[in-house]
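Both of the next two complexes hold subunit A, though its partner changes from subunit B to subunit C.
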Partner chain A sequence: MSENKQAVVEIDRSAYEFKDIETEKDFYRIEEGLDEETVLKVSAEKNDPEWMRDHRLKCLKLYNEIEMPKWGPSIEGLDMNKICSYVRHKSEMKGKWEDVPEDIKNTFERLGIPQAERESLAGVGAQYDSELVYHNVKDEVAAQGVVYTDLESAMRSEYADMIKSHFMTLIPPTDHKFAALHGAVWSGGSFVYVPKGVKVDIPLQSYFRLNAAGAGQFEHTLIIVDEGADLHFIEGCSAPKYNVANLHAGAVELFVAKNARLRYSTIENWSKNMYNLNTKRALVEENGIMEWVSGSFGSHTGYLYPMTILKGDHSKMEFTGITFAGKGQNLDTGAKVVHQGVGTTSVINSKSISKDGGIGTYRSSVVIQNSAKKAKASVSCDSLMIDSISRADTIPGMDIRTNDADVGHEAKIGRISDDAIFYLMSRGISEEDAKAMIVSGFANPVSKELPLEYAVEMNNLIKLEMSGH
Partner chain B sequence: MNRDLDMKVNVLPVLTYGFLKVNDSAISESDIKIDSLTTPDAKKMPSGIDVKRGVSFKEAGEIFEKNKDRIMYTTGVPGAPNADTTSRNDGQAIMTGMGIDVDELMISVDAKCDIYTAQEGIKVSEPVIIEYKMNDNEGSISSQVIHAKKNSEITVILFYESEKESAGFHGISTRLLAEDGAKINLFKIQMLGDKFIHFDDIGGACFEGGSINVTSLELGSKKTWTGCLVNLVEKEAELNTNMGYLVRDDHFLDINYVADHRGKNTNAVIMAKGVLMDSATKVFRGTIDFKNGSAGSAGDEQEDTLMLSPDVINRSMPVILCQEEDVDGRHGATIGQLGEDLLFYMQTRGIDEDEAKRMMIRARLDSVARTIPDDELAQKAKYYIQNIV
Partner chain C sequence: MSEQSLLQVKNLSVSIDNELPILHKINLDIKPGETHVLMGPNGAGKSTLGYSLMGNPHYCVTEGNILFEGQDITDLSSDKRAKAGMFLSFQNPYEIPGISLSSFIRNSYHAQTGAPVKLMAFQKSLKAAMQVLSMDEAYADRDLNVGFSGGEKKKAEILQLLMLNPKLAILDETDSGLDVDAVRTVSKGIEEYQKKKDGALLIITHSTKILESLHVDYTHVLVKGNLVCTGDGSLVDEINANGFERFISEAE
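Showing the complex of A and B:
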């Protein structure tokens, strides 16, 4: 067995899918299902201000009214009557790692989060089930005026008005059924504010762990990058695998002010019983830059299309994403962009890999409104089919409403070239390893956009998927 | 007419975001007006082609019903795509681009169908020419089946025309069967009046080594729906489509082209190039579908849209569906106005901007018009384009 093959075997999915048993003694869990009583219980747990409680009830009403999407993967296996909307550990959120309860601490230690914080991050938030269990930001970053905290605390702080004026304005609960669901039972998530002109040199990270079986996670991330500021935010997510469906319906709202830049990187590795119905949206003002880096590996079923509204003149967006759909997975991913401002630019680069019966769908929309004169949009999507029992579909949409725009689109679907495999095998590399190398190379445009530690993790995930474990 | 429902047509083979408004289109019942149910006699009928006129629409579909198992054959079913819509057309004798509502309309009004057949081994390069000269306020609906038996070849030109200012309704369904080694060349030239409502539906199947080539020029009409779905059933079957369009004023063009690859080493090319002017709207849906069993196949769709006014609307959905490993699928789209470099180059040669634009529009459409295998009709199309531009 080659050294490379050894490495493949060593990457064990148990690194992500180990389970910690949650007992009634340590965990509070509301009953399954969704009705007004459930929503009010979540609201009471969160000690919501009145406007938020009313907002939740309005969202519940909308959730009951809005139909399921008619497009995309089937979500028939998801029964909201069997999903618990709120689970928390009975301890409070901690600002010091040593104070975090032992069982939860072990989980995050195994996922390597504290180590990453020590080595390469400016701040870390860790959410376990429905609540943040740990939040910390480096002193020197806090001294610059950067706020990185849980959303609930921020809602009761000097930032209360800022949150009220931004919360669910980019993703209104009317947007779709699961945005309404999110509005009704959201819990946890982070608030980040980067003041004018502040450049945060090293990334902030939030890590989301959904440990409870049959539960939903509905965290809300709100990031405001003020004029001329600069931030890289990383989110990671994982969960143990259960035989019952879990649901993730988070929301990410990003506000990028004039001349500001935000990079939002995600490595999603939910377990393969997860319905990942997440919504992410960014609003970019004049000359602002929004960059998305997205790796989707986990979940049973996924709907994920980060959306950018290029409102300000000369604002820019770049999306770089990879999706790996393996056995039993139906991952529908892509990006959406709306050009409103003059001279706005968007670049979408997407890669997808389908293997072992997995279904990978690239879905996108590029809308260029009449006001977006001199807009430029470029879309490129490549899909790789590893075998003939899988699916790779490409469903891009464009709606162009001005002639003064330049839109280019290209897509390719194909297989790994036999010549390339033959060449590598002639150099003594096994067929399996040759395929893994080629797929890693295919994913390289995404991994090179990530900090080194995350690129390594992503490559490990690719090897893991290619080895079929 | 007695139908009390709008027609739902050009349904995208897989649904996507509702806000893009591309999942389907509707022909309003109030737009449908039918006075005539027959196809005119062919203006040119080369020897070697048989014609059977006035067959009922349903009866004419029997040839496809008989071959249904062969047409729909796949080696296995790893799974339909997300939000697959094809089952809604299961009741059609042969699936078409616009879908089952066209068949239901044809059957409900007892539309007649002419069947053109090239017998086995007979290759006729001279085209059958069928001209629809529509009068103001006239409504017509008709259909053809074009059947090329084993190793035969048939070329058909359908030409629709009316006075520039005329109104009316014109709907047509064309169903194609190219048997083993056979070739069907279909040309459609639409130059109807500025107030006409028009639909043009095509469905077909190609057996082993067969090919279907569809060339169309959409130049007139206030509202046009056109769809084409061809099943590349067996190995080495081919589909080539080449569309040129010119949409102007407040006109609307809605397109749904689909290549279904079922056999091994099948090949499809879907090309659409055109020009949008004034406050025109165009929706293009193009789908290359590699079904399980289509190993070694290639599909390519290319769209090139020139937008000449700030008020035009262009929607495009270039879709590739794939459940086979060994295939090569690609699509590309270029949407925008004439490049500044090109205009500058033209100006350095003494050609002003307006003239340069005219030349580029003509070049795009003439490249399609010149493939029409009848000089008189090709000239008519070119003259029409020249007049508009």
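Showing the complex of A and C:
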């Protein structure tokens, strides 16, 4: 099995580059910029309950008050007035693939969504711009009592109270400017509830992408895994190229109850003009397990640090991530963990690759609060630079308030070796393939954590990035 | 045995990274099926010759050329030399994390032939070759050379030799750092290669243990970057008995 993941398959690069110009006329836009009127318009369009409308207005106020972040990569190129906050395709929710409009279908066909589903993934919540257009949860999952739907309709269902009591409690709008922005204009995204004791055997999958120039995407993912339940959720993102600065400020809130386990896997492949300012957070109760697998590709500038709060005693977190920063990219990624419970454990394994002048920064924060007796934390970050003009930085932060913590940290930064390339080439492998093989091998600890089709896609992305298109 | 040369090295001079000259006007002629041995004291430039023949970009040809099957390959990249049928067994094989030994060999085979690799047949012949080398099959799934002992690394090189079946194999100190049993096993692998393919060999070594069970057609002695002597297989025995002293003093 592991060998299949090594296969370097010929890529259809066009899948990542096309755009649907003809369909532009089908889009409906709200005026650019952000004021109360815009937010109310979004709210009305979404048919928000009253509490949500009020929440949006509160967030708008915070957004206008909070300053831009002053740390991390520059986001000066991001002109908020040019970001059209809301673009919606004229398409209603569809239950069946056959009913999805042809142009959208073509887009997804090229991204391999139907195939992925045929390969027995449990459900597809495919988001086209800001709206879920296709949604289908396999019967067996629904039969187990698992709720997998778009967040908007869930707000009007019997789960309304559950959403109200969880929504933006882990990521409060006061957290940072883009969390506030998200709260004001969020649209689309998934809601998953796994009831007590239910083990979902097949991964649930959501796949969304940005497809309109100047369109921001603010999807919200809310997942609640109840006591003793088990879920693997996969999120794949890919966006075609456009010239106008694009913003992605999504939010992911994950609740892992006592004895529950959640694995959250993501491959992000944003277009090279994207500002990816995404916020992801998980709260883990007693004996719960949170596992993150994260691949960050594409985008112009990225801030991404999935955070886990190990609240319950003996709860665990494992983060495995990889970042690829190519030409013109500045990706600031890592992970955060806060140990609160007794005997909590965290493991962070991070890899970064930088090439053609790309900047990859690993930034992490491990906090062990004084309630977290006998906590264990292990951090390992490994950076690979492909050439002498690229850059890799490591900024690990640790704040330990107990005297019995077991903490380890390991960091390695290296350059790809000419001799290793020669070794592979002496066996008939071309220079480009040799480099791609070494980089894929470097990424292997991450790809082996992914389901096969995602591992193959990630290797394709690496090969695409390595070919320096 | 054909009269057509497989490898011709003509007046080859090589310097490292365009500075230090290491090899001076080397001439070699290897025909298919022949086994040549290149011996010489430490620092004579033996490995440099191996690297230069395989096209390591650190080594710069300042004069002369290399012909393989009559084609001038002096400026060809290593991968193209491999595709033409050349192979180098490394003295210190590199560790490549994340790529298994078997998938590396499969990728190499595919790169050289361009043909799709039939998985079942491939695995069968891999298993057979590993048996010849008394290699634990578990090594096939391990990351290439990562955590291999010195002996296992060399065996893995010979395994690649057997699987890739080149026309010419250059073995750079394949016997160095091996215990007696491992040398014997590696020799067995080399014999297997000679049997199977009528393959030509250039064995670079400064000891003679590895040569005991192999038939040697020619022996060359390299001292301070110059080929000072060429003889038949019996020269190996002479060196074994008297060392390189005679050649070193002659060179001075």
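By definition in this document, the second predicted complex is superposed on the first by the 451 of 469 C-alpha atoms of A that agree within 3 Å, B and C clash if a C-alpha of one lies under 4 Å from a C-alpha of the other, contacts with A are read in each partner's own complex, and residues count from 1 in each chain.
The working rule: contacts are C-beta pairs under 8 Å (C-beta built on N, C-alpha and C of every residue); 3 or more make two chains touch, one makes a residue touch a chain.
Quick caveat: nothing in here was measured; it's all calculated off a predicted structure.
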| item | value |
| --- | --- |
| Subunit A residues touched - subunit C or subunit B, whichever exceeds | B |
| Touched partner set for A:413, first subunit B, second subunit C, both or neither | first |
| Partner chain(s) touched by A:425 [first = subunit B, second = subunit C, both, neither] | second |
| First, second, both or neither for A:401, with subunit B first and subunit C second | first |
| Partner chain in contact with A:265 - subunit B first, subunit C second, else both or neither | neither |
| First, second, both or neither for A:369, with subunit B first and subunit C second | neither |
| Partner chain in contact with A:332 - subunit B first, subunit C second, else both or neither | first |
| Which of subunit B and subunit C A:442 touches, first, second, both or neither | second |
| Residues of subunit C defined as touching subunit A within the complex | 54-58, 77-79, 81-83, 87-88, 90, 93-94, 96-100, 102-104, 106-108, 111-112, 141, 143, 160, 164 |
| Subunit A-touching residues of subunit B, taken from the complex the two chains share | 14-23, 78-79, 81-83, 276, 290, 292, 295, 307-337 |
| Residue ranges of subunit A in contact with subunit C within the complex | 2-3, 6, 8, 417-420, 422-431, 433-434, 437-438, 440-445 |
| Subunit A - residues contacting subunit B, complex | 70-74, 330, 332, 336, 357, 359, 361, 363, 365, 370, 383, 385-415 |
